[in-house]
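Next come two complexes built around chain A: one with chain B, the other with chain C.
And then the complex of A and B:
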């Protein structure tokens, strides 16, 4: 992906070699951006001076570079889409977009990109937008270092921070998205990477994947979103080094995996979520070296999950380690560290000699009868749990870690 | 009145059993916090101490003390002292000394080795539970003059509040699982001070799991400060009402 970025820059540089610079602003000949766009030849640079520009909807269909200064503000006056771009080899950098309009008919965005390829959107600030950056039917592009802050209303009337539809080979890096519907939204997006983004206080999901295959998301932080992160109906997704924290509520999950197959969940941290990982219809996902701590439930693995492999993870300080809703178990757990494990290790090889069953009777009871949450940690319930651990009758017999680690696995 | 409180307290504090209780609590709390590797696990073990051992000791000890003090009570009643004042002073004396024992035994380790808001809530709740179960013990002792019967009542009360009640409510929940039980759960909690105490502590300790429950009323109710205020007030009612009944009975009792 780095090489793709380099290639983009290189191509842009080459093309810019014979381009001229047009200065836009009160003190210059060209006072409006609209005029400048009309005048500009392909591969020109528009240097936009500080100031507030209220020019309605700007449409760009040429390969141009738009550069802003510290106080270059494009204002949509709460009724217009601000910038609509198509084509290729364009670059939008360092501009503040504010107050783009809302319409229930169109998805108005601060920056909307349609049918484009090879472009860069970077270092922009987008405030109070419906959709902030909306990209459709595009490929080979970079969206990085943008700060996006929305004013969330209801789920229906708030748009997504970074919205990608039918794209491929995108790099979304170092963006902050706060207070939108979904922080980052992918639908039919393939071969793309989501790197180092920060997603907070979005009213639905921090990151939302639908029908998007062969993507990676790495080192992102998803904090206090309405419902965490959802990855649905996709395959071959890699999720590495992400942090999922404080996603709390009745249907909030650190990450929700639904109808997913062949993925890898490696070295992520799940903490203080109501449910760390919720899996439904999930196949062949490999969980390795993840940290689960202080969650209500570390994992909820529904009986519809198949051939998932959960190994070398640390489970500490969770109220419940694993919950499930049926007796069918087609997944394997091994060599995880469970702080609730009470077994022994006679041959001192670091692996417990008796299996650990992470599903407690009481977790099953709550699953069928949620009001029973009232008895959390009651003496009665711990007695029931202890007897169930010795002779499993209600909890699935095969849901067990045969080789539980005795000490926490060293993860950085 | 203060004289009687002072006398009762001195009498109890001189008693080896309360000293043993304090040392036992100290030993168990220190060892819990030193053995468990994470503080949340330590707090969980302390939770069991607060919810099970504290009520048990408060109940049994106070009941036995009340029966052993029968002659002392009769002697004082021959003096110009109101019955109401006498029983109140004895109650205050017993509960104060038990609370002191609890604060020294469990409070010091909690504050020293943990010191988090959860630990402070746990300390408060433990003190309240002590006062509540002393009040229940006084009621039990006033109801019957037979010592064996009185201790029997105390043990039954402990079994009921610590164990049987939860089992019964769990049974009810399963029988009526087709009905919306959210508001009923709030009432069920209020009917047992041990449950209230547990929920108060869990609101700090296991909030992530508690938030997971979708039932609106329960979550709204216990998810914010009104829930905490409600729980504390209800526990105070649990302290006052048995005491009032005991006072009423004691006024009319034929001694």
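And then the complex of A and C:
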């Protein structure tokens, strides 16, 4: 009996030993990663020693773990895609990728993943890439703690930091993407989450959603990107606790919402943007507990927006609170705090007794004649705005907050 | 008097110039989808008879604009499309088009334009699809 047990243990051990570790590096028998991938059995681990590896395009099609050390560098010599992976149950951790190539035909990436599921890409550093991490046609995966830095010299030769195309159930967390075209790009991506990422100095958008539904992005920071964040042609997107800061320029917005519906925008901060929120063709979005401060425009709501609900937000220190381009208003404003509100509260219930109209006459004039912005803060303009407040004629009469808060809403 | 007239005429004509204006990546905004234009391979441009220029990031946006957003008072003078290889603007009637699902255009319009047939065929090998003419493109987006 005892010997049988021992045998069983032995067999089990052998089974475990199946998933072996292959050491790769100058001081080991296996000197190249290419060789190691060839030798490896499914579920093996490749421990790659410090050193610079210039091996062109590495292709992985079996479930492997690739582990790097502090100075494990894979170099694409500005010619090659570095790592191309398909399949499932693989993991890429702690490797530095640099100088992947550029091609106008193919989207060369530092790490390209095609037709895969159940994998993890974590703690990698990606420097000077065209596309950094490019995932297509995949589901159930995690991309976390990666540090991605591009060289945004030419728009043409810069791809996206983290690019997802036709994916579902992805988790993108704690990544830094700096200096790419779009920091994070989603096209046809569903049921995914974007958490705690930081996007800065990307040429186009910090985050870009296209045709992607039922996704969430929470607690991300988008700072100083070419045009902010764009969420377009999508529905059921939740946007919570994000920070949109310093997105400035002619076509720059904290967030651009275009042709989207049924979303939630809760507890975000919009500060120092040319336009905090730009909305066009946007339906049934609920804005709540957001902070808008020091923006050129806090919100631009185009006439094509319907049934949006904007309540309990703070608007402070914005040049213009809200601008619109039409007279028909089908959106609801309620219980927001507006620092420009000059009403009174006789019954002391914390709600102003007269409605606040956030669209100023002058904002309407600039909408049709942008050059008129020259006269901002002039005496005549203030006079016109005051007159318009008393007798609304040009500004949409029913674009108003009937219950403006007297004090800023306490938000953390 | 005659010289004066011709000079004024010249000035007026210069004001109505309808020359193509090159697209600037990262600076120009698409007139239809409001995205900033970054991929010049797929750009397009519409010039009205009065010389107003609208820029687009994708064939889809150009077509959407023509069928939807263009004001009735505005008449189209020239339609231009980016050549996939040289990224120069060419007239839509002179281009040959590749319609392929595998093309990653900014707005998923799935159409690329070429100044000549051989270049189009070359790219077609990489991106399987159909080579079509301008009138077929118009049918495609109807």
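Here, the second predicted complex is superposed on the first by the 393 of 412 C-alpha atoms of A that agree within 3 Å, B and C clash if a C-alpha of one lies under 4 Å from a C-alpha of the other, contacts with A are read in each partner's own complex, and residues count from 1 in each chain.
Following the convention adopted for this analysis, a contact is a pair of C-beta atoms (placed from the backbone, for glycine too) under 8 Å apart; a residue touches a chain by one contact, two chains touch by 3 or more.
On a predicted model such as this, the values are computed, not experimentally measured, just so you know.
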Partner chain(s) touched by A:278 [first = chain B, second = chain C, both, neither]: second
Touched partner set for A:226, first chain B, second chain C, both or neither: second
Touched partner set for A:294, first chain B, second chain C, both or neither: first
Chain B versus chain C as contact partner of A:333, first or second or both or neither: neither
Which partner, chain B or chain C, touches more chain A residues: B
Which superposed partner A:372 touches (first chain B, second chain C, both, neither): first
First, second, both or neither for A:104, with chain B first and chain C second: second
First (chain B), second (chain C), both or neither touched by A:251: both
Partner chain in contact with A:211 - chain B first, chain C second, else both or neither: second
Residues of chain A contacting chain B in one complex and chain C in the other: 250-251
Partner chain A, residues of chain B touching it in the complex: 37-38, 40-41, 44, 47-48, 51-52, 162-163, 166-167, 169-170, 173-174, 177, 181-182, 184-185, 188-189, 195, 198-199, 202, 206-215, 218-219
Touching residues (chain side chain A, partner chain B) in the complex: 248-252, 272-275, 294-297, 316-317, 319-320, 339, 365, 368-382
Touch list for chain C against partner chain A, complex: 25-27, 29, 33-36, 38-41, 104, 107-108, 123, 126
Contacting residues of chain A [partner chain C, same complex]: 104-107, 155-156, 165, 181, 187, 203-204, 210-211, 226-227, 230, 232, 250-251, 256, 258, 278, 280
